[in-house]
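We call the chains A, B, C, D and E, going by the order they appear; numbering starts again at 1 in every chain.
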C-alpha cells in the first residue's frame, strides 16, 4: 500500500464525517413537524383525486380527517365503507357505517317514448342546450341527451345509449362520486342507496308539470296521479308539484307501487321478474 | 311536418371556409411558381410536383391508417405545405430528399401535433430545416438560373448572393468589392439569381401577397413589421459600417426574406392572433433574421427566425391582448 | 361617414320587405300575453279568470323598480292565467284572453291626428311612460322609464335614437321611420324634455337612403334633432357601438350609457312614447317584419301583442313546404323557435323563416387560429380563447378575460371559417360566470 | 416480489428510458451509434447492479438521514471503478463515452432504483431489479443508438450498408430528441400504455 | 436487523465507514489501473508521432511558444542515427466549429509537411469529422505540402487547400492549427534548438 490509499481514505472519510455532522445539525434545526397520520390516511385512499368526497383531492381529504379527529361526515365514495373502515382502524376511530350509493338516471324520455319535435344544432353539451331550449321533446325537465354526465364520469361508468338517447349507468363501475349529478344541468341524476343485491325502486321522472302537459311530451312521465302514494304502506312515497318521489330510506322494496303506475314511470332494478301477469300497460285507468 | 331546427344565434354564416382560404393562398402562389418554372425549368416543376404529391399522400396515409380519423386532404393545407416546401429547396435537389422532407414536414411538423390547426411550427419550415441540417451539401448547391431550361442534369451551380457576401466579409473583403460578384439588384428583384425555387423573385411574391391582402387571407401586420424591421436593422448596421454590412435593399430582395415574410410567417396556425401580437411577432422575426444572417454561422436566417418565433406565439398571444372596448375611457 | 372602429361584420342584407308598407294583422281569436315580456321582474296580474277586458286595459302591474305594466291587446274574456311556452320552449306565466269584438278603452285617443304640443312636466312624462308599459323595442325589452330616470350625480347630454336596424332581413324600423316620421319626431322631443337634453341624434345606416332623406327633412323643423348617416356595419345597432359611432365615446366595461352622458332609444320606442304620452295608448301593438327568402310575401305587420307567431306567418303566405328554422328576431341575434304557437311579445322585431338548406350550420372543424374572431369582435374580446376556457371549465379565467362584456352579437361565429360554435360556448361561460358573480355578491 | 415480474417491469412495463424517462442525459448524449449506446448501457448496467447489491446489503445499517449521501458515495465509487477500468482496457470506447461516464453518478436512474427499490427490498430482488433495469436501459440505448446510426450514417454497429452521408440531423442533438420522442411513442403504443 | 436510528453517532460513524471503504476500494482500483492507463496514453501519442514523421530511433521533446504567445506547442524531435529526420508538433486551434481541435503535424527538417493526424476534436459527425484520417482522405492532401511555397489557406480564401463541403469552418480551423505549428517551427528553426544533445 502507498500514500494514495492513505490520502484518499483520509480525505474522503474526513469529508464524509464532516458532512454527517453538517447533516445532523441541519436536521435538528429544520425539523418539519407534519402529522404522520396524514400519510397513513392518504396511503389507504384510492388516489383517484376524483373529488367525490367534496375535498380537493385525496391528500386534502386526509388532512381534513386528521384535523377533524373523527370520521363523522367524511366519506370516500370510490373507496366505500371498506376504505373508511381501514382508515378508522389505522387512526383508532369509529367509522360511520356508510351504505353504498349508486347514481340513478331519473328520466325515461327515450327517443321513442318522448319523440323529438325539434332538431338541435350547435355546441353539443347539455349546459348549452339547457340554456337554449326546453329539449328535443319539449319536456323542460327531461334529459337533453348531449352526454355531459358521460363526459364528467371519471370511472367509465356511463355511456350514451344510441337507441334511446339516454345515458346508462354501469353499476359495477359506479362509485357514487357524484360528478354526474353536478354535471347534469337539470338535476336528473340522483345518488340513491344501492340497496340489497343492488335492488332498487324509484320514480324515473322529475317532471313537475301538470299531468296532461307532461303526458303530451312524454309517454312515460310521472303525471302526479298519486296512485302510488295511496298504495304505499310505508309512507315512502311523497307527492309534490305533480311529482311522486320515493324515499329510499323508507322503501322496503315491497313492489306494490310499480304495477299501479299508469305511465310506468316507477322503475324496478335488479328485482326478479314478477310471477303475476302484468296487465298494467294496457290498463288506461287514467289518461 | 318536418322537424324545426333549434340552434343558438347567429343563424347565418359568412361565405368563408378553411378550404376557401387555403385555395386562396394557392392562387396567390401562382406568380412565384411561374417565375421559378421560367428560370429553373423542368427541374423546378418536377420538384414542386413531387413535394405536393408526397405531402398529400403522407397526410392521407397518416390520417387514414395511423390516426384512423377523418381524412381532410381536400382542405388544401397539405398542398400548400408541399408547394411551400418545394419553394424552399434548390430545384436540383434529389427527389428522394424531397420525399423525405415532405414526410418530415407532414409527419413530424404537422400530424405529430394532431394535424391542421394544432401544429406549433410551420410544417414546411420544419421540413426545410430538417433537410437543411441533414443534407447540407445538397441543400446548399444552388443551380444558376437558365431561362426555360429543360435539361435536368449538368446545371451550373453557384452560391447565393447572400452566401457570396457573407463568405467574402468573413475573409475580410469589403462589401463594395463583393457586390460586383452578385447579380444586379434588378435581376435580384425579378428573380434572375441562384437560390431556392420560390424565393428568387421578390416581385412575384409581393404580387401574391397583395392578392392575399385583398382577399383578407392575411393582414398587413406581419409582412410589414417583418420586412420593416429587417430594413431598419440592416440599415443601422449599414450606416455604422458599410464596408462589412450590406445595404438594406440587398437584404430585402435576397435569401427568401420575401417568401418568409409573406407566406411563412403569416401562416395562420403558427402566428399570433391579435394585431398587436402580430407586430411583435414580425419584429421578432426580423431582428432574429438579421442577427442570424449577419452574426450567425448560416448566410440565411429566415427559416430559423420564423421557427424560433413560432415557439413564442403562445406567450405572445397571452401577453398582448387586444385593448378591450371600454377598457380605458378616453372621451372626446 | 361615421361608424364604430373595432371589428364588425357585413352579413348579406336581404331586406326583402323594405318596400312593403305596414299592414295590419287581423285580431286573432285568442291571445296569450306573457307576464314577463321585459327585462326584470315579471308583472303581477290584476285580472282573474272570467274577467272581461277592453283593448288597452291594464291587466298586469309591474310593481318592482325594473318591471313594466302589461295591457290587454284585445277585447274579450280572460279564459285562464296559465303557463304557456315561450320562445325557448320553457313555460312561463301568461294571461290568455279569448277575443270578442274589438272595443278600445275609452281613455285612448284612436284618431290619426298629430298632436305636437306636450305640456306635461318631466316627472309626469316618465310616469306616463311607466304607466303605459313602454319597453325598449330593439330586442332586449328594457323598461323605458328606467332609462329616462337619470340617476343622481349623472347628467345626460345626448339623446341618441337608434334607427340603424343593422340586422339583416328586418325592415320594421325602416318602415316605421318612413310612415310615422312626424310622430317619431314628436316622441323624440318629448323624451328630450324628459331627459332635459337639447341634443338628439338619429343614427341611420346608409342602406336606408329614403329614410335618411325623409327624417333629415323633418328634423330641420325640430330644434336640436339631427340625423347622422352611418356606414353599414353589423352590430351598429348595439347600444355601445352606436354611441361610439355617433359621438365617439366608449362606455366603460360593465357600465350603462349614462356614464358617458347618453341615453339610447330605438325608433320604435320613441314612437311608442309618442303614442303613450300624446294619445294615452299603452304598448299593445308593434310593427313586426315577417320575412325569409322563400316566404311568398315578405311583409311588415302591425301586430297585437300576444298573437301567435303562426298567424303572422299565415298572412305572409304561410310556411313554405320545407321549413328548416323559424327565428324570432333577426338572423344574427334572434332565437330559433321550437313551436309556432309562441306569442309575439313587446320585444319581437321580426319573424324569419329559413328553408332546410339555410338552417343547417357549417360543419365544425378544428380551429386554424386564423384570428378572424378576434379581429371582428366589436368588444375586442378573444372568442376562440374564451371558448377554449369554457371547454376547460376555467370560468375564473373567463371572467378575467371579460367574458361578461360579450353582447352575443354572433360576429365571431359568423366569420369563423372552421364553423366553430364560439358563441354557444361563450353563452355557457357567461351563464356560469354570472352564477359565480351572483354567488359572490350573496356572500 | 415475483422475480419474473421484476424482470418484466425493468425491461418492458417500467422501462427506465421509454416509460420512466429516467437518466436522459446519457440517453441523449451518447447514442450517436448503436455501439456507443450499447457500451454506455453496459456501464450503467454494471453500476446499477453493483450499487443495488451493496445498497440492499447495507440498507439496515444506514440511518435514514444519511442514506442519500451514503448511496451516492457507493454509486460514485462504482462509477469511478468503471471509468478507470474502461480507460485502462477499452480506450476506444472510453474516447467516445468519456465525458458521460462520470455523469452516471448523477444518473437519476441509478440513485432512483437504490432509493426506491434496493433500500426497501431484499438483496436478491434488488439485484434482479438492477439487472433488469440495466438490461432495459441498455436495450433502449442500443435501440436509439441504432436508429440514429441507421438514419444518420447509414450503418449499424459500424457496418455501413449504403454509401453516403446519411441524415445528419440524427447524428446531431436534435436527432436524439426526435428519435427518443418517436421511439417512446412507438414503445408505449406497443405495450398498450396509451 | 432493525433499521438504525438517525442519531449523531450513528450518522457520523456510518458515513465515515461508507466513505472509508469506498475510498479504500477506489484507491486499490486506481493502483491496479494506473499502469495500463498511462501506458495506453503514451502508446497513443507515440503512434501519432510515428505516424507523422519518418522512421526514427530516438525522440526528444521540447516546448516552444508560438509567435502570438498563448499556449506553447510540444515539439517532438525525431532522430535517426543522431540525425534530425522529422519534427512532430502537437498543435491546436480554438476556431473549430465546436471550438478546440488538436492535431499532430509532422515536418521534415526542411519545413515540408510529412503528414498530419488529428488528436482531439468535437466537430460535427458526418461533416467536420472528415478531418479524421479514417473518415475521409481529405487530410492526405497535406502530405508533402510545402508551406513555404504554398499557402496554408483554403482555396476559397485564396490559399491552396481544398475545403470540406459544408464544413468550411472546420477545414479553415484545421489549416489554422497546422499553420500555427508551421509558424512556430520557422520561428525556432535555429539549428541549435534541434541538436541532439546529451
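The rule is short, and it goes like this: a contact is a pair of C-beta atoms (placed from the backbone, for glycine too) under 8 Å apart; a residue touches a chain by one contact, two chains touch by 3 or more.
Nothing here was measured: the structure is a model prediction, and the numbers come from that model.
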item: Common touching chains of chain E and chain C; value: A, B
item: Touching both chain C and chain D (chains); value: A, B
item: Minimum number of chain-to-chain contact steps, chain B to chain D; value: 1
item: Chain closest to the middle, measuring from C-alpha centroids that were averaged per chain; value: B
item: Identity of the chain that, by mean CA position, is farthest from chain D; value: C
item: Chain of greatest Cα-centre distance to chain E; value: C
item: A-B or A-C, whichever has more C-beta pairs in contact; value: A-C
item: Averaged-CA centre spacing for the pair chain E and chain D, given as whole angstrom; value: 31
item: Centre-of-Cα separation between chain C and chain B, whole angstrom; value: 49
item: Centre distance in Å when chain A and chain D are each reduced to the mean of their C-alpha atoms; value: 45
item: For chain D, residues contacting two or more additional chains; value: 65-66, 69, 73, 165-166, 168, 172
item: Residue list for chain E, restricted to those that touch at least two other chains; value: 6, 11, 14-15, 18-19, 22, 26, 30, 127
item: For chain C, residues that touch 2 or more chains besides their own; value: 89, 336, 338, 360-361, 421, 424, 427
item: Chain pairs in mutual contact under the definition given at the outset; value: A-B, A-C, A-D, A-E, B-C, B-D, B-E, D-E
item: Chain A contact footprint on chain E (complex, rising order); value: 6, 8, 11-12, 14-16, 18-20, 22-24, 26-28, 30-31
item: Residue ranges of chain D in contact with chain B within the complex; value: 165-170, 172, 174, 178
item: Parts of chain D lying in touch with chain E, wherever the complex brings them together; value: 32, 58-66, 69-70, 73-74, 76-77, 80-81, 84-85, 87-89, 91, 152-153, 165-166, 168, 171-172
item: Contact set on chain A toward chain D in their complex; value: 12, 16, 19-20, 23-24, 27
item: Residue numbers on chain A that touch chain B, as the complex places them; value: 116-123, 128, 132-133
